[in-house]
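So, here's a batch of structures to check.
Two complexes follow with chain A in common, the first pairing it with chain B and the second with chain C.
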Partner chain A sequence: MGDGAPLIEVKGLKVHFHTEDGVARAVDGVDFTIAPERTLGVVGESGCGKSVTARAVMGLIEPPGRIEQGEILLHLRDKVVDICRLDPRGREIRDIRGSEIAMIFQEPMTSLNPVFRIGDQIVEAILLHGGMGRSQAHERAIELLDAVGIPMPRQRFESFPHQLSGGMRQRAMIAMAMSCNPRLLIADEPTTALDVTIQAQVIDLMNALRRDFNTAIMFITHDLGVIAGMADDVVVMYSGKIVESAPVREIFHNPKHPYTQGLMNSIPSLAVWGARRLKAIDGVVPSPFAHQQGCRFAPRCSHAMEVCRARSPELLEAAPGHSAACFLHQAAP
Partner chain B sequence: MNADDTLLDVRRLRKYFPVRKGALQRRVAQIKAVDGVDLTIQYRETLGLVGESGCGKTTTGRTILRLIEPTEGSILFRGRTSDRDDGEAMIDVATATPAQVKLLRRDMQIIFQDPYSSLNPRMTIGEIAGEPLKIQGLMTRSEREALVLDLLRAVGLSPDHARRYPHEFSGGQRQRIGIARALALRPQLVVADEPVSALDVSIQAQVINLLQDLQEQFGLTYLFIAHDLSVVKHISNRVAVMYLGKIVELAATAELFGNPKHPYSEALMSAVPVADPDFKAQRILLQGDMPSPMNPPTGCHFHPRCRYAQDICRAEAPVYRAVGDSHFVSCHRADELSLRGLRSS
Partner chain C sequence: MTKLIVARLLFMGPAALLIVTFLFALFHLIPGDPAVMLAGDNAPRAVVDSIRQAYGFDQPLHVQYWRYVTKVLQGDLGISNYTRDPVIDSVFPRIVNTAQLAILSMLFAMTVSLLLGCISAMYWNRPLDKIVTVVSLLGICTPVFVSGLLAIYFFSIYLGWLPISGMSSWRHFILPVITLGALQAAMLTRMVRSCMVDALGKDYITTARAKGASEFLVVFKHALRNALLPIITLFGLGLGHTLGGSVVTETIFNWPGLGRLMVNSILTRDLPITQGAIFFFSMIFILVNLVVDLIYAWVDPRIRYD
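Right after this comes the complex of A and B.
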């Protein structure tokens, strides 16, 4: 990853949900860093903990969820703040949200208020973080709508969210997220609900914004194709843990963890010709309530050894810049 | 293609939904969800039907099964019209009587997208998978139960799952239950409506492989409806591309992806993200969104988003025609354009 100070350092993060059915270990010991102006792709299937990790970085964990352990260090210009230690409803985290870290979601309607005009919602976000008068904020909002490729931004300023199509709403949400020039944009499956031609437009837009605003992006998705086209660095999550972490080309050309390899083999690709049987990963994703010993992937892994069922592998460097949590790549203990 | 191998022959199929407004529920407009679809499906082949949301692919599938009443057109299907019928003659599903439709259900079944809402939570897995047999009044209870156990095994579940309830199963397992139900009557044709799009990536492959195995084992014919081009390319023998209620292109899979003739097919392929960071996608970014099927554009429905559009495209609707060996397209400029497909490597 890049030189110099990181933007975000996550160390030993554990987020558990204390429910009537037991404790769900949604995130169970996760370490990663995000460098300034880089895009980190977070890949995993549903329930792997990728969205909970993102919400923790945003300081959005609420009961029954609880941060059990770990730190999320945000490197500001003059100091380092541990987001885990901040009151989720306090002043400090609210200053960070929006101006330092902004987030966009899969379903834009979860973050757009249906009864306000989209322009006014963006103006409000700008005003909240100060530094501008109302008319200046109004002009800025129109600029932003234009920057995210909404045609006729002056007219669209007056639209309500339901008057926009799914792709346009996603653009409006991106405009709102970018309104205060955040240093990190967290995108949680932002294109999953969109059709493929609209998805291509939104990905194109995000890549352009990243160049123009110098924003780091944490891009969460289950779609390996989207990751390949967007990310600089990738972490692969499985059942609450990171199983592999590497620069994007390493992950795709030289995957080390059997789960990553399994994912790559199980997707049909447009680039592959001729009939070929997909190599499916057998079994199912373990329940986050299950407290299983050893590697979480062992029951589905064709390489599983005795040690895999007994002990949980740590995420260790297997090659320079490339880490895997797998005993196949670690010296015998 | 031999006409005798045709299992399904859909001609000029239309389905318009009325839009009603006001206290009198007056009809103020109509949504042309399916607007003149022609397609055929041969025995034991998989025809992929691909398109973006709102293009009418699901309505097409459901209308073919008469789960939705067609507005116009014919749906010729080689199936049984009476208990003694051997199913050799073509009958028109669109005009079949309710009693005939019930018999036709033995030969045409559906797998739904959502494995959660499509299984009754109060029924056991055994009851769900055996229900088609019960409705058709086939077999005694014990025969039915025995067959259900075979079915569960065939779809990769265990016979002791029969007494359990849907909530005890994961999405992938539920989809297997839905597949078992669709196969209970040993149908000829299965309409698979986005059968894997609600599933996780690692589970998708399991279900795709299962569908292919079952096709082999039971000699099934699939109409495979999906928005995911990679999945459609993987599983289909031929592919039809739909846009705004019409099929814009239909050809054998390798032909369609290697040599597309419709600009929409070309753009759709180029937009799919490929899982290779070195793959330099030359994306054709379509401008704007799909127009409303309530108020489609004049001429060719695709012209407002088409980078090759000319005056004729705005004025006249193109005719759906053959441009090569079993390659059909509806584009005025299909013969002169040289479009970019996926290169074979």
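Right after this comes the complex of A and C.
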């Protein structure tokens, strides 16, 4: 990863949901670091805890969810704050949200407020973090709409969300997120709800903005193709834990964890000569309510050994800069 | 938007005609000869006949119908059987009295329910929410004749602070407005709460929080503005009900309103007054609904700009 001080350090994060059906361990011990201006891809199936991790970084865990353990250290210019220790409705975290860390969501259809004008929603974000008057913020919002490639930004400022297409709404969301030059942008499956051509446009846009704004991105997706085109580093999550963490090339060319290997095998290939049947990973994702001993992937893993069912493997370095939580790559204890 | 207004205004015509037709039918559907009813049961045959002729009851139905409709269009709703005054003169002041009571009660109910409903939603499933829910349930379960009499006993008789009945000063308004308003407030609080809980669970609320908006902004700007859409409809319905359904409150507080007039006219078989009261009540209801629709459209840009 990058040199110097990291931007965000997540250490031993556990987020549990206390529901009537029991405790769901959505995130169960997660460590990762995002360096300034780098893009971290977070990959995993639905329900593996990627979105909950992202919300925890924003300080947006709402009851019945609770951060049980861990630290989320945000390195500000003059100090380091632990987001887990901040009051989720307090002043401190509100000053961070939107200005230091911004977020865009999966559903552009529902994540903009339907009763306010697009422009006013961006202006609100700018005004919340001060430093500008209303008319200045108005001009800035139009600049942003232009920067994210919305045609006729002056007219579009006055539009309501229902008057824009899904792709345009996601662009407007991105404009809003970028409005205060955040140092970290969390993108929670921002392309999943969009058509493939629009997906590509949004990815191009994010790559361009990353260069222009020098923003680090935490990009959450279950689409490995998107990760290949966006990320510098990748963490693979499975059932609330990180199973592998490496630079993007390493993950694609030399996956270590059997789960990551399984994911790679399930990518469709366009090669005519090498055409093969897609290999699905057998079995299903364990329920977050189940408290199983040992490695959570063991029941679905073709390489599972005795030790895998007895103990849970730690995320350890298997090669320089490449960690995997798998006993196959660790010296037997 | 203009299209919507025109469509809704055009709809008022047929609705009004339907009401007039119903009122005309009412006159002829209820048992008994209308001429005998007007003349009195023991009136001589000659008197009944002359009344029948004078009122046109001897004409074919369609002629009577046409005459009735044209008279209503000219603002003539007939003459009271008892006072011999034009119906409109007895009904109109009563409408004003009822409207004062209804509008003030609804203002009270809206303020209380918005406040309690929002608080309840903000503290969803926590003790404060449960207290509000129980209190509003109690409010819904308490009939106006119980709460009204208790209020009179406590504030007027025991403490002696407020007058018992009548409407000669602003102090006379307090008890009836609160009695009637509390029932509406109790019902509306539950509605506001569920609309707000619904709105607070939406994705755009997470977006607002992610921007760094304060909880106050999140609740009272982002959530309330969206929750208002269904709430406006409920407020309109509530106003319609208080306008027509305050018979019990008006009776308890001896309030000279439309509800009491209507009940009295039914008891005394003063049919023109009953018709007039129903006519005005229906027209007000249609008008309130129209206004609600327009406000709704104005608040929701998805309707305003389509």
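Odds and ends about this structure:
As a convention for this text, the second predicted complex is superposed on the first by the 326 of 333 C-alpha atoms of A that agree within 3 Å, B and C clash if a C-alpha of one lies under 4 Å from a C-alpha of the other, contacts with A are read in each partner's own complex, and residues count from 1 in each chain.
To be clear about the criterion, a contact is a pair of C-beta atoms (placed from the backbone, for glycine too) under 8 Å apart; a residue touches a chain by one contact, two chains touch by 3 or more.
Everything quoted here is computed from the prediction, not taken from an experiment.
Once the two complexes are overlaid through chain A, chain B and chain C fit side by side, free of any clash as defined at the top of the document. In the superposition on chain A, A:Asp204 makes contact with chain B only, not with chain C. By the touch criterion defined above, A:Ser99 lies against chain C but remains apart from chain B after alignment on the C-alpha atoms of chain A. Of the two partner chains placed around the shared chain by superposition, chain C is the only one that A:Leu60 touches, whereas chain B remains out of contact.
By the touch criterion defined above, A:Gln163 lies against chain C but remains apart from chain B after alignment on the C-alpha atoms of chain A.
In the superposition on chain A, A:Arg277 contacts chain B only, with no contact to chain C. When both complexes are overlaid on chain A, the residue A:His222 reaches chain B alone and has no touch with chain C. The partner that reaches more residues of chain A, of the two candidates chain B and chain C, is B. The gap separating chain B from chain C at its narrowest, counted between C-alpha atoms of the superposed chains, is 8 angstrom.
Across the complex, chain A is touched by residues 52-53, 170, 172-173, 200-206, 208-209, 212, 227, 229-231, 233-235, 254, 257, 267-279, 281, 283, 285-286, 289-290, 342, 344-345 of chain B. On chain A, the positions that touch chain B within their shared complex are 45-46, 165, 167-168, 195-201, 203-204, 222-229, 248-249, 252-253, 262-264, 266-271, 273, 277-282, 284-285. Those residues of chain C that touch chain A in the shared complex are 202-204, 206-215, 222, 225-226, 229, 299-302, 305. Chain A meets chain C in the complex at residues 58, 60, 89, 94-99, 102-103, 105, 107, 110-117, 124-125, 128-129, 160, 162-163, 173, 176.
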